[in-house]
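Structures incoming, each one as structure tokens.
Look for chain A in each of the two complexes below; its partner is chain B in the first and chain C in the second.
Our next item is the complex of A and B:
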């Protein structure tokens, strides 16, 4: 824990899919390091970035983005994903389930929380720092 | 009040970037976020008026409508003068309300206003 970092929030936005580029890897590695240093980490998956939420990623040699996101969530990182982007790419399998309190998705990591753009704006409002990855 | 700068450097329609950047602005303004969108590089193509019904023609949202909505909600949309110049886009071809600034002025805005900067 680094003095002065406790209770600071780092927000990270991912806009590109994993494996085609290393943006997702960089985001995950920075998130892991930031959490080690004491940051609260919040991640927003946007556009093609939502593919990082896919279950059962098994890259042979590449950094496993899905496993990294799972580890980050276990350590307390909040991972939100754009609802409209996820619907467009087939991750959402129906309407909001009132009983479960979430949108059904067998394809996405179950730690991911689907939200509208307002959920991302709330993340920005809370953040002390914001970094965006994968827009180029 | 939180201040954000959204920089868009991709052209509309060929990529999802411009649309997604404007969409963040449209989510930020109703929540009281002081929002400035800066169009640089090929992003300046989104500043052109007279985009013809993209939802009907190519099933994509109209970035012209998004720009109008942002300006109507009180946001600022700025286009890079140099990026316009080299692409032969003249001021009279721009959507009403878009500000044209030179790169130095844009840098000042990023430095002074960019509490959070999002790039698309």
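Our next item is the complex of A and C:
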């Protein structure tokens, strides 16, 4: 890790689902490089981009987006997902669980935090640079 | 994002009266599938005319822009002093040899690494397509 740059944050927003295009791959690879260099990374999944959060992705020949997101979260990346987009696509299985402090979802990666689009606003206010991936 | 919106971003001042000095453009899509690559070229030329340093990064399908002999190719951008960098891994994945690439395009093995450093430490703005 490079000293002195840890306080800089790169925000990445994904609009496209994985395996339809390479946008999710590019996002993950850029995020991995940024973390290797010591930057904070925050990712927001929006629209069809929320499919990147699905558990147990097992592509045979493609880059595994789910595993990459899991690795990024383990290293400290913050991954947020649009609540409304996730509800629309069947990822949310009930109301907010006060005890667990999160929305129930067996289909999504545990490390993903569901929030409204205001969560994205908070993200870009803190970020030094923002990159978008996929059609906006 | 519309071209108008991106042009607004380009003209938006960073802080106080300080104008943008350096802009990075990242292209990840095919040059002929829609108008986005043309928009990127338009923005790159415009930014260069405004006196900015412009860097174009070609990743994924964006590397097709680096090929020689296209009607509206990257050569015009290179002649204007715009730097163009393409991912070696993505060129190989698409069977594009070094000989097929415009001579002044810089081919970089670990493009993502260079790109991250550039946008986080040097660039005032970064826009992706």
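Couple of notes before you dig in:
Basically, the second predicted complex is superposed on the first by the 131 of 136 C-alpha atoms of A that agree within 3 Å, B and C clash if a C-alpha of one lies under 4 Å from a C-alpha of the other, contacts with A are read in each partner's own complex, and residues count from 1 in each chain.
Operating definition for what follows: contacts are C-beta pairs under 8 Å (C-beta built on N, C-alpha and C of every residue); 3 or more make two chains touch, one makes a residue touch a chain.
No experiment lies behind these values; they were computed from the predicted model shown.
Of the two partner chains placed by the overlay, neither chain B nor chain C lies in contact with A:75. Legend: residue contacts after superposition of the two complexes on their common chain; A:20 is shown touching neither chain B nor chain C. In the superposition on chain A, A:132 makes contact with both chain B and chain C. Residue contacts after overlaying the shared chain place A:124 against chain B, while chain C stays out of touching range.
With both structures placed on the common chain, the touch criterion links A:102 to neither chain B nor chain C. Legend: residue contacts after superposition of the two complexes on their common chain; A:47 is shown touching chain B, with no touch to chain C.
Overlap of the chain B and chain C contact sets on chain A: residues 129-130, 132, 136. Per the touch definition, chain B reaches chain A in the complex via residues 2, 4, 9-10, 16-17, 20, 23-24, 26-28, 31, 33, 116-120.
Of all the residues in chain A, the ones that touch chain C in their complex are 5, 8, 10, 22-23, 25-26, 29-30, 32-34, 36-37, 39, 128-133, 136. Every residue of chain C that touches chain A in the complex is listed here, in rising order: 1, 26, 28, 59-61, 110, 112-113, 115-117, 119-121, 123, 126, 128.
The part of chain A that touches chain B in the complex is made up of residues 11, 13, 15, 46-48, 116-118, 120-122, 124-125, 127, 129-130, 132, 135-136.
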